[in-house]
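Two complexes follow with chain A in common, the first pairing it with chain B and the second with chain C.
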Partner chain A sequence: MGDTMRLTVGVGLNIRTRIIDTEDGVIFDKTDKAHSFVNNFAYFLKHCLDGIGNSDGRSITNAAVPVAHQGWYSYSGCCGNYAGMDALGGAGDVTRGIVVGSSATPFAIAQYNMQALIGHGNGSGQLYYAATPTTVVPVFSDPNITFLVSRDFTNNYSTPIVVREIGIRGNPVYAQGNVYTATMQYCRDVVPEMTVGPAQVLNVQYILRTVM
Partner chain B sequence: MDKIPAESGSTHTPNIGAIYEITVFDTEGKVKQVVKDEAKCFVRNFLRMMRYLFRNGFVLNCNNWVLPPPLYEDIRNLAGAIVQTSGRFLTGGSNPYPFNYAGAFVADGAAGDAGKGIVMGTDATPVTNDDYKLGAIIPHGTGAGQMSYDVVAFAPMSIAGNVLTIPISRMIANNTANPITFAEIGLYTVGGASMMILRDVISPAVVINPGEATLIAYRIVLNG
Partner chain C sequence: MVNVVEQESDSFLQNFLLLLKAAFTGIAVSIPDTANVSRSCLGFSALAASYGITNSNIVIGTGNTAVTPTDYKLQNQITAMEHVPLLVVQPTVPALNGSYIECMICSRSFNNRSGAEIDVNEIGICVIASTYSILILRDVVAMVPVLNNQTIQVAYKFRTAV
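Presenting the complex of A and B:
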């Protein structure tokens, strides 16, 4: 099938990573192409289009515990659910929004989790997760139509922490004989190794933008 | 218009792209013409709905209504009006929970429904990402200047390496007495509002003679 056709337009996804030092300001600023979307996102997108969910028998996979579920849920009873990724996390929430990890395992579209999630906190091996978004409000920048999701991660411990992977998670509705929510991974990217020193802040932005 | 996201400083294949393929069948059902190209435009509404999806969650439980206040998006509907949508569509219900919900932007048009799913039109005005409808949609029917829209079909997704494809297609037939030329196609969806998320101009335009039909397929491609 000709889906190997090289595409040049559509929606692009970039990652911008910055490290902010409390004394020296921005000491690292880099933007890269994202690989990002994993199978769960595609299943979700298809559900949004066909309104059926498990229409072709594929399963979504829970990030927290790798259990396959039947599909996204769509309901039309007296009350119900609407499809949303629920990907805006509050401070300390590692189940929603942008998350970071330490594994450099290459991206694969079948992945359903961070390979080595860095937990939230102020202790050893942890980063403090701010809310998503934080200081950067998602905006549309005409005419290119951009929106971004942003999150700050602060190292409040006394030793550096290395970040090699980032991703986006959410808690959408899925169907498994009934209706539940679970943590699902939508995106994962391996980024150049970044060392976040004590008292430094890592800011990560996912930037979606139309490409015409 | 930037060819690539300005922040990147380098070109790359879009993470979400689309391909359209138009197959014209003659009156005997034989393939007469195939047109295939990269789809040129996810329009503004698509990005707005993506933003909606990222920002919002779900509603659950009849007896313990836990509706979070939706973070609405401004969608330009097919009439050109800016409407705030939460991505759900209303299908009735009863008090005190009068709303029913489904997918965020559903394209499952039934036979005869030219307001949802793949649609075609006659306007060759170039695409911009501000487009919110086809320039001149060809309505459903068997009268002059009309085409017969079949149901929208969703084939199973396919995965090849890190590329995942979502196929959508629709058969549209000319059951009138005269040829009909179409020069644009698009994808109409319903989710809180009726909206267009994709539009493409077909050049040269395609002629469908009486008794002929065309299968229009969009394949949304996710590149990992």
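Presenting the complex of A and C:
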């Protein structure tokens, strides 16, 4: 005899994209609910909560790596347990932080990579990746608790470049700050086509929230 | 007779986002533990599932004060019940269910052997981060009276939007 209570909780993402022209200011500004978490993030969240190491995450190359180090691995020691995503990329870093691409291939939860990454640089077909900063603290805005991740992409070439997909990458942390060398993709969004002209800046913001 | 209550919950606390932020950035954050002492924590921690553990895993209480995002403990945690180490975790592989990925379902049972009825009004989840107990979820629910020798089972389902 007894009672059973079943509660469902979740996390989701919003995405905001802006294009800033050096002369005209903000010429595009759009915020949408994102539809982007892939299996890797689900594995991460599961591992963090159940404490059971798993080797189910996939690097962006889908490479086979030792089970003990693949994905997010539980660690028990004097300082506790944790796993991490390490997704704060510096300028020019295409392995961590927000990344952009040119493919419109539909989203699928089993995806482990961008479909056509736009590389970092100032040349043809490239965008200059600034650092990926976050807000200082999570912000409460009833009913959501959110924190924001942002990155600027500048077109320093003479021709426009088209962005159709956005994602977040990082390096999985499997034990006490040991960062696994593989790059993992945590989410991917296919967005309406955006053209970033010469000298224009694309600003991408992901807003992680607790209520769907 | 078993009464089953199901509901969607919006109970993640600021602590959860702080832990998620730390995991995301790889930079430690200061988080209040269940004693409201600020602790430096990095990343997530696991749910301990040992018998009698009351500072992690699913926890229950009698408090009915409304949830606020900065809650750091249950209002009045119940320790008089047997905290069963049952932690059912499924699925083993995240699965797409409509517009969500079901990440995990975990549950825990609490046996009332106190000799008297205990009314459950709040539930939550504590994790261990850097050895400290951190409350990441709190829900105030319609009162569930648990009679002596009865068991209450609480299950949380985690999902992400796609």
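In this text, the second predicted complex is superposed on the first by the 156 of 212 C-alpha atoms of A that agree within 3 Å, B and C clash if a C-alpha of one lies under 4 Å from a C-alpha of the other, contacts with A are read in each partner's own complex, and residues count from 1 in each chain.
By definition in this document, contacts are C-beta pairs under 8 Å (C-beta built on N, C-alpha and C of every residue); 3 or more make two chains touch, one makes a residue touch a chain.
Keep in mind it's a predicted model, so treat the numbers as computed, not measured.
Contacts for A:32 in the overlay, against chain B (first) and chain C (second): which applies, first, second, both or neither?
After superposing on A, A:32 lies in contact with chain B but is clear of chain C.
Check whether A:86 is in contact with chain B, with chain C, with both or with neither, and answer first, second, both or neither.
It touches chain B and chain C both.
Based on the superposed arrangement, let me know which partner A:207 touches: chain B (first), chain C (second), both, or neither?
So A:207 only meets chain B here.
A:42 contacts which: chain B (first), chain C (second), both, neither?
Touch status of A:42: both partners.
With the two structures laid over each other on chain A, which partner does A:151 touch: chain B (first), chain C (second), both, or neither?
neither
Which touches a greater number of chain A residues, chain B or chain C?
Comparing chain B with chain C, the partner touching more chain A residues is B.
Once chain A of both complexes is superposed, is A:16 in touch with chain B (first), chain C (second), both, or neither?
In the superposition, A:16 contacts chain B only.
According to the stated criteria, A:169 is in contact with first (chain B), second (chain C), both, or neither; which is it?
Touch status of A:169: no partner.
For chain A, what residues appear in both contact lists, the one with chain B and the one with chain C?
1-13, 33-37, 39, 41-52, 56, 74, 78-88, 107, 109, 138, 140, 143, 145-147, 149, 170, 173, 179, 208, 210-212
Tell me, which parts of chain A touch chain C in their complex?
Those in contact with chain C are residues 1-13, 33-37, 39, 41-52, 56, 74, 78-88, 107, 109, 134, 137-138, 140, 143, 145-147, 149, 170, 173, 177, 179, 208, 210-212.
In their complex, what parts of chain B are in touch with chain A?
1-10, 12-19, 21, 36, 38-42, 44, 46-62, 65, 86-88, 91, 93-94, 97, 99-108, 127-130, 154-166, 168, 189, 191, 219-224
Could you please specify the touching residues of chain A with respect to chain B in the complex?
The contact residues of chain A facing chain B are 1-14, 16, 31-39, 41-52, 55-58, 72, 74-88, 107-110, 138, 140, 143-147, 149, 168, 170-173, 179, 181, 207-212.
So in the complex, which bits of chain C are touching chain A?
1-14, 16-18, 20-27, 41-49, 69-70, 87, 89, 93-94, 96, 99-101, 103-104, 106, 109, 123, 125, 127-132, 137, 139, 141, 144, 146-147, 149-162
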